[in-house]
Amino acid sequence: MTSANETMTSDTILKVEHLSMRFGGLMAINDLSLEVKRGEITALIGPNGAGKTTVFNCITGFYKPTMGMITLRQKAGKEFLLERLTDFEITKHAKVARTFQNIRLFSGLTVLENLLVAQHNKLMKASGYTVMGLIGLGSYKREAEASIELARHWLERADLTDRADDPAGDLPYGAQRRLEIARAMCTGPELLCLDEPAAGLNPRESLALNTLLNGIRDETGTSILLIEHDMSVVMEISDHVVVLEYGQKISDGNPDHVKNDPKVIAAYLGVEDDEVEEVIAEELDGGTL
Amino acid sequence: MEYFIQQLLNGLTLGSIYGLVAIGYTMVYGIIGMINFAHGDIFMLGGFAALIVFLILTSFFAGIPVALALLVMLVVAMLVTSLWNWTIERVAYRPLRGSFRLAPLITAIGMSIVLSNFIQVTQGPRNKPVPPLVNDVYHFGSITVSLKQILIVIVTSVLLAAFWYIVNKTPLGRAQRATEQDRKMAALLGVDVDRTISITFVMGAALAAVAGTMYLMYYGVASFNDGFIPGVKAFTAAVLGGIGSLPGAVLGGLLIGLIESLWSAYFSIAYKDVATFAILAFVLIFKPTGILGRPEVEKV
Amino acid sequence: MSNANSPATDAAPGLMAKALREGLFAGLLAFGMFLLYVGVETYQNIDNALVWRMRWGLLAVFVAIAAVGRFLVVGFIRPNIDRRKLSKAKAGLLEVSEDKGFFHRHFLKIAMIALVLYPPVIVTLYGVQGSLKFVDNFGIQILIYVMLAWGLNVVVGLAGLLDLGYVAFYAVGAYSYALLSDHFGLSFWVLLPMAGILAAFWGIILGFPVLRLRGDYLAIVTLAFGEIIRLVLMNWSEVTGGTAGISGVAKASIFGIYSFDVGASNNFAKSFGLPMSSAYYKIFLFYVILALCLITAYVTIRLRRMPIGRAWEALREDEIACRSLGIDTVKTKLTAFAIGAMFGGFAGSFFAARQGFVSPESFVFLESAVILAIVVLGGMGSLTGIAIAAVVMIGGTEALREMEFLKHIFGPDFTPELYRMLLFGLAMVVVMLFKPRGFVGSREPTAFLKERKSVSGSFTKEGHG
């Protein structure tokens, strides 16, 4: 399955070159280069403290990298140097959306409102930057209806239609995770960055997440970059896996390749390579690593 | 040059007073993250307590030594304001702890209004002058240093040293620092959080009372609305130095005192407060956590 | 049932002992707190020297109130409340008032009609001259605060930015009107929008550097800017008239058709052959401020349903999430600041036209605090709650001015006005203690798929800016 995808889409959407990020004396990321292919699900894995979230924060502009270049190439061919843009511009112009490890919803707004806020820039334009909308001119009314339709679409995909008018803070944990993804999708991204989307989900919710993500990739063509600890999710849905340890890339390839890479096994288990094979096989069957 | 040194001394004196009040703001902010707007009025209560004690003392013991009178004033003022601040914390702030963030701010503003108006009602709206307690003045060349100023700086320094010792070297200080870092964890490890917070309010009030007494001695007058402007300046000092930081509060206080006296001396008295506030705004715009404040790391 | 009651009666002796102990403690505490301030009266004698005398009686009253009050609370009131709560919990009854009354459902319409009819009703009841006090002190005064609080609500309630210097924009509006009408003779109706625009402009100028600041730093800098503006108004005497302020500010006219200037040929009272009275001007002003309030409410309600308004509320909930969704948070904050300031400016120019006089006295920090208190007491973001809070707090303190009968109780020296702010402060504390989220704690959603359900206050956040 994975090899087929690789030949199908060879186009690269995101290219990270020689990225380094230093916090005081700590080198959180050290000369990291990686690529995300268009229309694929790429997983970024690694032990705790490997610098995965830092990579995300650099890509989405919440941190300014110490060194390196991050290039995003849109479908239409337009290129953006993400390290030169601030956080909101990356979402607004470069079309990169993200979610957070510890969910960040607008808990006092309803589920629907959360999805409408995500369509802010489009709606601002349609409302003539508020002025026209306030006096009832222009295309605001039409756009507002369209935005509710889009929200309805993503509510259905995330299985949240029944809870649309409830406060986001009132949803159970798994639903909040799905809502955050739906909200990110409402910004119309070309690249979706998910920070541990399966964390804290039960097996059934985890399965629903897989379906949602596969659906996003297959139907919208949105490329996905995700950080994940849950190996069942990683192995099942990703087309490509990048492994980090101590801020450096130690392995890169399709899930099967990475799964059998001795460096990865050593990084995760910290034992001699020859002892590892059987242990890893057991762990994988159990679903987690 | 002499003029400059003279103004420097005046600024230092005033700054010591602001610093003492600023500590109360910074400690409370550090431990429960609340702007205690009523703290300026606690300072004013301290001044009034000292004034009343002074009146009583001089009418009963006409020839009482100044040092003894001052000591009694200080002690009584510290006790009374401590009682007030302890009660206010229990009644108006503690029930709201952990609730809506703006609620304690509003009760604190309410308390501030209550305290100043309480004194206006019970003690009258007019300024209360007291005869100067300490008159001695020393001359060094053309620089004049009054005993008042020396006293203020000495008392402040001694108190700061004692205070530094309490916060850094005693179990109580450790409990305070732990509560400041993580209230829940501190409670789990056996720190009596409520008691620690109460003591913080009491300590802040005691320092404010000392500042209030010094202020009374320095200016020789007390008024019910003396709480607001010095209070805002002391809070400004706390923020300028980096709120939550004790040395920052003192540094901020001294800076505000210096800015105020130097600006009055060289530019215009009318705009001295404008200068203070403008400098605060500038510092915060370029260094948003104050001079000695820990940089706030944005957690994503 | 008897079983359930027996532990309560068993506990009674212990409870009484506890109540006594706590009452005694409260009395002691009150004695310590009030001994100096209440027990001792300081006053200046004929020689202008400060002297003192004891007020034992008054001190005893204070101590007794504290002790008895605490005793009653611990011994009777609190167990009573607990028992009621317990029985309610046992019965499994949750207070759900599904059926809203007629009054509740049509609250807004009724309030509107009552407000429009207020001046004529008062005039018929008290006569033209007698209506002055009611229309001015209770009508206009309250509505000015409603408007100011609704304006500040955009900044604090919706966008979650703590602004402690809001009164600065009120001042900008008032002085803009006073100065521009004085120097250029422009009319109220030209200057009203201009004052709003100028205030918004100042909002942007002041907001631009400070909106990067977070949390309480923003609060203190806005307070500082408020004080700076007041101090400049106070000291820049050549332009602003210093502490004396500007007097003789032109009155508003009925769109230039009728004037309220006594000497003018098109004077309103003269034109209609009515006896001269300043009440007509006040009644006219009442409708002007009512209209301004309605515009403020309309604009706020509309804006909440537009992307900018939703972005404000989202900003209050989580700024980082906003940025991750491509929202320019600086611009969003600036618009909130500017629009809040604009309403403040409108209110300011109205204030100047009503008083005929502006001075820095009217724009002290206390005013900012009062406006903020009304926003928080009302329930952040809720227009109805804020209006109720303004009526209760401003109307309540104004009413105190009128309580002449208290003089009969406390003696002729008693001036209720002196206690106005004291009670205002106490009310702030008490309301917050019982209703930390204000009178209306829930939030109305701005869009819905199937049904509009209000969001409980426990989910909304208060912002950190």
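Going in written order, the chains are labelled A, B and C, and every chain counts its residues from 1.
Following the convention adopted for this analysis, a residue touches a chain if its C-beta (ideal position, glycine included) is under 8 Å from a C-beta of that chain, and two chains touch if they have at least 3 such contacts.
Just so it is clear, the structure is predicted and the values come from calculations on it, not from any experiment.
Undergrad: Top contact pair of chains, counted by C-beta pairs?
TA: Of all chain pairs, the one joined by the most C-beta contacts is B-C.
Undergrad: Which one of the chains is closest to the middle, using the mean of its C-alpha atoms?
TA: C
Undergrad: At what distance in angstrom does the C-alpha mean of chain C lie from that of chain B?
TA: Centre separation, chain B to chain C: 29 Å.
Undergrad: What is the distance in Å between the mean C-alpha positions of chain A and chain B?
TA: From the centre of chain A to the centre of chain B is 50 Å.
Undergrad: Between chain A and chain C, what distance separates the C-alpha centroids? Give it in angstrom.
TA: For chain A versus chain C, the centre distance works out to 46 Å.
Undergrad: Give the residues of chain B that touch two or more other chains, as numbers and ranges in rising order.
TA: Correct list: 298, 300.
Undergrad: Among the residues of chain A, pick out those that touch two or more other chains and give their numbers.
TA: 62, 100
Undergrad: In chain C, which residues are in touch with two or more of the other chains?
TA: Where chain C meets two or more other chains at a single residue, that happens at 320.
Undergrad: What part of chain B is in contact with chain C in the complex they form?
TA: That would be residues 29, 35, 45, 48-49, 51-53, 55-56, 59, 76, 79-80, 83-84, 87, 92, 95-96, 99-107, 109-114, 117-124, 126, 128-130, 228, 232, 235-236, 239, 243, 268, 270-271, 273-274, 277-278, 280-281, 284-285, 288-289, 296, 298, 300 of chain B.
Undergrad: Can you list the chain C residues touching chain B in their complex?
TA: 29, 32-33, 35-38, 40-44, 50-52, 156, 162, 209-210, 212-214, 216-217, 219-221, 223-225, 227-228, 231-232, 234-235, 320, 365-366, 369, 372-373, 376-377, 380, 418-419, 421-422, 424-429, 432-433, 436-437, 462, 464
Undergrad: Hey, which residues of chain C end up touching chain A in the complex?
TA: Interface residues on chain C, with respect to chain A: 299, 302-303, 306-308, 310-311, 313-314, 316-318, 320-329, 335, 443, 445-453, 455-456, 459-461.
Undergrad: Spell out the residues on chain A that touch chain C in their complex, using ranges where they run on.
TA: Of all residues in chain A, those touching chain C are 60, 62, 87-92, 97-100, 104-110, 112-113, 116-121, 123-124, 127, 130, 133-134, 140, 148, 152, 155, 161, 164-170, 183-184, 187.
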